[in-house]
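Data first, discussion second: the structure below is written as structure tokens.
Labels run A, B, C and D following the written order; every chain starts at residue 1.
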Amino acid sequence: MANKLTIGVLSSGGDAPGMNAAIRAVVRTALSNNIDVLGINNGYEGLINGDFHSMNERSVGGILQRGGTILLTSRSKRFMEPSGQRDAIRKMNEAGINALVVIGGEGSMNGAYALSQKDIKVIGIPGSIDNDIWGTNIAIGTDTAMNTIMEAVDKLRDTASSHQRAFLIETMGRNSGYLAVMAGIVCGAEVVLIPEVPTTTDEIAAAVEDAYKRGKTHAIIINAEGSGIRTTDLATRIDDLDVGFKTRMTILGHIQRGGSPTAYDRLLASRMGVKAVEALLEGQHGVMTGLKSKGIDFIPLLDVISNKRKVNMEYYHMTKVLAR
Amino acid sequence: MANKLTIGVLSSGGDAPGMNAAIRAVVRTALSNNIDVLGINNGYEGLINGDFHSMNERSVGGILQRGGTILLTSRSKRFMEPSGQRDAIRKMNEAGINALVVIGGEGSMNGAYALSQKDIKVIGIPGSIDNDIWGTNIAIGTDTAMNTIMEAVDKLRDTASSHQRAFLIETMGRNSGYLAVMAGIVCGAEVVLIPEVPTTTDEIAAAVEDAYKRGKTHAIIINAEGSGIRTTDLATRIDDLDVGFKTRMTILGHIQRGGSPTAYDRLLASRMGVKAVEALLEGQHGVMTGLKSKGIDFIPLLDVISNKRKVNMEYYHMTKVLAR
Amino acid sequence: MANKLTIGVLSSGGDAPGMNAAIRAVVRTALSNNIDVLGINNGYEGLINGDFHSMNERSVGGILQRGGTILLTSRSKRFMEPSGQRDAIRKMNEAGINALVVIGGEGSMNGAYALSQKDIKVIGIPGSIDNDIWGTNIAIGTDTAMNTIMEAVDKLRDTASSHQRAFLIETMGRNSGYLAVMAGIVCGAEVVLIPEVPTTTDEIAAAVEDAYKRGKTHAIIINAEGSGIRTTDLATRIDDLDVGFKTRMTILGHIQRGGSPTAYDRLLASRMGVKAVEALLEGQHGVMTGLKSKGIDFIPLLDVISNKRKVNMEYYHMTKVLAR
Amino acid sequence: MANKLTIGVLSSGGDAPGMNAAIRAVVRTALSNNIDVLGINNGYEGLINGDFHSMNERSVGGILQRGGTILLTSRSKRFMEPSGQRDAIRKMNEAGINALVVIGGEGSMNGAYALSQKDIKVIGIPGSIDNDIWGTNIAIGTDTAMNTIMEAVDKLRDTASSHQRAFLIETMGRNSGYLAVMAGIVCGAEVVLIPEVPTTTDEIAAAVEDAYKRGKTHAIIINAEGSGIRTTDLATRIDDLDVGFKTRMTILGHIQRGGSPTAYDRLLASRMGVKAVEALLEGQHGVMTGLKSKGIDFIPLLDVISNKRKVNMEYYHMTKVLAR
């Protein structure tokens, strides 16, 4: 006879708005199926340390609207070593945890895959504000981050118009231009700088000057942090070149990671949390929940970590048409 | 040789946040392809009256973030008659408009289909805050409306917990429970009332009482306006039955139609606006843009108006599991 | 030698955003002066029941931005009786509480005064979203409520203009028109209905018709719940009279009580919390903190409960000039 | 017989949310008193160029909720010279403008005083997001800026707690610590750095380490741009010293100047706009409207520009008590 399931749930890596909604969905779906749930604090670090606590329906009350993650998170160096993974498995066995739900980004899925190779039943749930995880159309937290950027840029627009100014906004995205490109479309940015498309400060200055000549009352430049051009340098350069607008700079930083999750992220996280538990019940594991055309699908963790997500260049070109 | 295109664009029916983003995308995509665009005021009513004006890149500057529609909208009774449609076509011919983009809801797509039957090249773009249009996963404005409801309910939660109260929130949705169900998931509602699932006040009172007994500090009840149960009546009834919580009522009304569009709605509207013009350029018409698994697709207007969108009951059941 | 102080703190009556900021300021100011603090749950009800718990710096961590009150609140009938007050004093003595901070509205100040008459050292802090407490320019929570109303009406404006509509918004204010008048100014309302100024539906309809004739694209009507005119009745009547605009209704309800407190409310609450403890240290009691010209002042509780705050009619007239 | 008044209105210097509300109040109050109003574009620069346009009630429709200023603004070097002022007066005479309302900051009040010395009837209205104008308790725009900072820091809090992090937030305030101190109170910052209180990176690091030891899950450090310590340098230094928290940086920039004005700013701006026109009607000029204990008062422009506003150190000390 199959063992009764006891699910451990953890969040790992950079936190993303909506992770709490996913935790809540995992816990309540499990409990409604008479499955016990243990919360694991501080990600894989807590897994190694056996930092577990039993969760009931009330443990996840009032967290749906909170940013961050009540289970805390960390990046664990110890877990990258076989010895760390061995210790983690031992602690899981001691506590009777025989299935694990891991909510996190690309690095977290690597850890999940490593455990699945050691016969642990793992399901991953993708959480990432810059949507850089292969295998899902969108990750938990991206929609909230996009709205946060957008609201910041909206605030700049009126003041930009009053003064004939250019604004430089640095967004997250060390390896991926996704957030910057999407923000470019929804904010009506004149210029978008991303890691995938190398450019020069002179080209950017020319684009800004062109916007000025076309009669724009302001220019919005969105710079992904991994674009290769430093925001501070660019601000200085554009001012030196005197393109018509004076330049001002905003670095959003971790504001993009925070805030109450949007409806979209709460819904996505809830759906993925429900499906993760249902999948475990049906005997599936070694996979990540992914939003696909037909709904929530299950993607082998090996595929997730073996592929690199690419930014859709169609959107990049759209920013140019729409900013005319 | 084919005639050069001149596109007319109008918004019609109930307005939805993101319509301006769609108008902007239509205008700028057209202009970047050297196509002229005429804006039509007040929907089909303006089409009959020849209330047209030429649009350039600056006509749509600074509107991306605005709710409502700069082209205004109306519900036109005259256009439901053949004589109204005939007058509209005459005005279009006089102004040289040989293609039309119609942004609106189900009723607007009916009008678009009627024109397409009279050899007018029409493309529809779906805008509807309660997502009741067949042929697209989601319509422009729905995401913003969902977030508006959610933010209102989030405000109720803290005060609800402080006082041990039940809150009744009436949302839009005369024929469709979509908004109410989705809001139910993202707000963590204990009870959701929709047109598709008949229920009684006694059943609702029992569900609220059950939440009280389970130790909930408050209860959230979302009532779609077309559920068959009047919000005011329900409030009185629950208070009479004394279920543990005192009841308070909120009727959101047209707040759900307003506000600056979310990132999701701006992106969806921009994509649909771009694709609508590209489709006309490629000779396609008589269709509506629809968000499908593979991206923006084109759905025959006849199919759009011949089918009824149904609420996904899987989501309805999810509200019950997640609210435990 | 004077007894060492042990302060009890409670919130009572209707909750208001910023109450948590006041609790946090009381606790941390007390602790930094080596005074013990006991939190009292559920207002005067908890005082009677001896529902007390010791508070330290971490007890009030992370609550500054939360609406509602972590100490919960209630309206206590028992405390209105001498026997209830007697039991409360007994419980205070048993727990060693020899000074009390009461955060709440007019009714709560009545209770505070009653205790002060029985030789309990009490300081009141005014919290009320409709600013109906005499003795302070403004109470904690009013600024947040005003912004909540304003943001709701802002959402209505774009959609109103798109459709040529009149909007009826019902705000709180059973006895006081303060919120409605102030909201009228900051929302640019065409008509404001308050308890202090009796009016008829015909006068209102005439004002709306006048706005239509002057070329306004919409009309905003704000109705305090105690104005004497029911919102639902008014909506029907204006539509019957056909004044040019179609009418839509919003009842905000307890949304006005919720939400994260504004900067103004957090600042006001923090200042009042600090000053309340400092006053007790200096031997003052039987007073309420009040925002006055020179800063935070102390108003005898007897004066607070013996006077009625009146709406400033200058503001009422300002709504008429500004809405032209 | 006295000449009929014709009022010119301009905004100048850095824009601030609420300036449009002030313009609207000036225009509508003037018109309701049968006074003509000319809008002047681009501040003193437009005054010199005669860039004037007649304004009616509809000119200021729908601007109450908009950030920025519809009259645009600039910093005019020409106007600092007597020749520029002479040209401006000539243009005013040609257009029949015999009274001027100037909405702006300290520099703008200098210009207003210069004109008043040349027999022009001027009234100033203070607009400044960092509240650095002497003669008014608070200037238009400060409340909105404070809320913008607060909402940004609120977003950081959850993510900070999830990760045990310290956050550095750079706010405006080149010469004044007002915004930073007030933000410190309302955001619950552990450390506030302002121009008025010199400090060292080592002291800051010690304060952060102390917060870590006291059990805080995160630390918030607010740095006014004129504090003398560069935000980028401080971030590096704290990370080098290893105080327990990892550090992340946010530079808000002009986001603080933007956004829809809060209720407080709309109300203050409306009151000042109304009073400015009433004062001109009563023969007063050469003054600035100031919020004082008794309401809106009139402060001689000479006093305004001769005094320096100082930050209230009581608030600075309050940040230390409240952050325990």
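Everything below uses one rule, namely that a residue touches a chain if its C-beta (ideal position, glycine included) is under 8 Å from a C-beta of that chain, and two chains touch if they have at least 3 such contacts.
The structure displayed is predicted, hence computed values, not measured ones.
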Item to check | Mutual neighbours - chains that touch subunit A and subunit B alike | outcome: none
Checklist entry - Which one of the chains is farthest from subunit C, going by Cα centres? => result A
Checklist entry - Between subunit C and subunit D, what is the separation of their C-alpha centroids in Å? => result 28
Item to check | CA centroid of subunit B to CA centroid of subunit D, Å | outcome: 39
Checklist entry - Roughly how far is subunit A from subunit D, going centre to centre by Cα mean, in whole Å? => result 36
Item to check | For subunit A, residues that touch 2 or more chains besides their own | outcome: 154, 157, 161
Checklist entry - Among all the chains shown, which pairs meet the touch rule set out at the top? => result A-B, A-D, B-C, C-D
Next on the checklist: Quick check: in the complex, which residue numbers of subunit D touch subunit A?
Outcome noted: 11, 15, 66-69, 72-74, 148, 152, 154-163, 165, 167, 248-255, 257-259
Next on the checklist: Quick check: in the complex, which residue numbers of subunit D touch subunit C?
Outcome noted: 24-25, 28-29, 31-32, 57-58, 61-62, 64-65, 143, 146-147, 149-150, 154, 157, 161, 182-183, 185-188, 214-217, 260, 262-264, 266-267, 270-271, 274, 292-294, 318, 321-322, 324
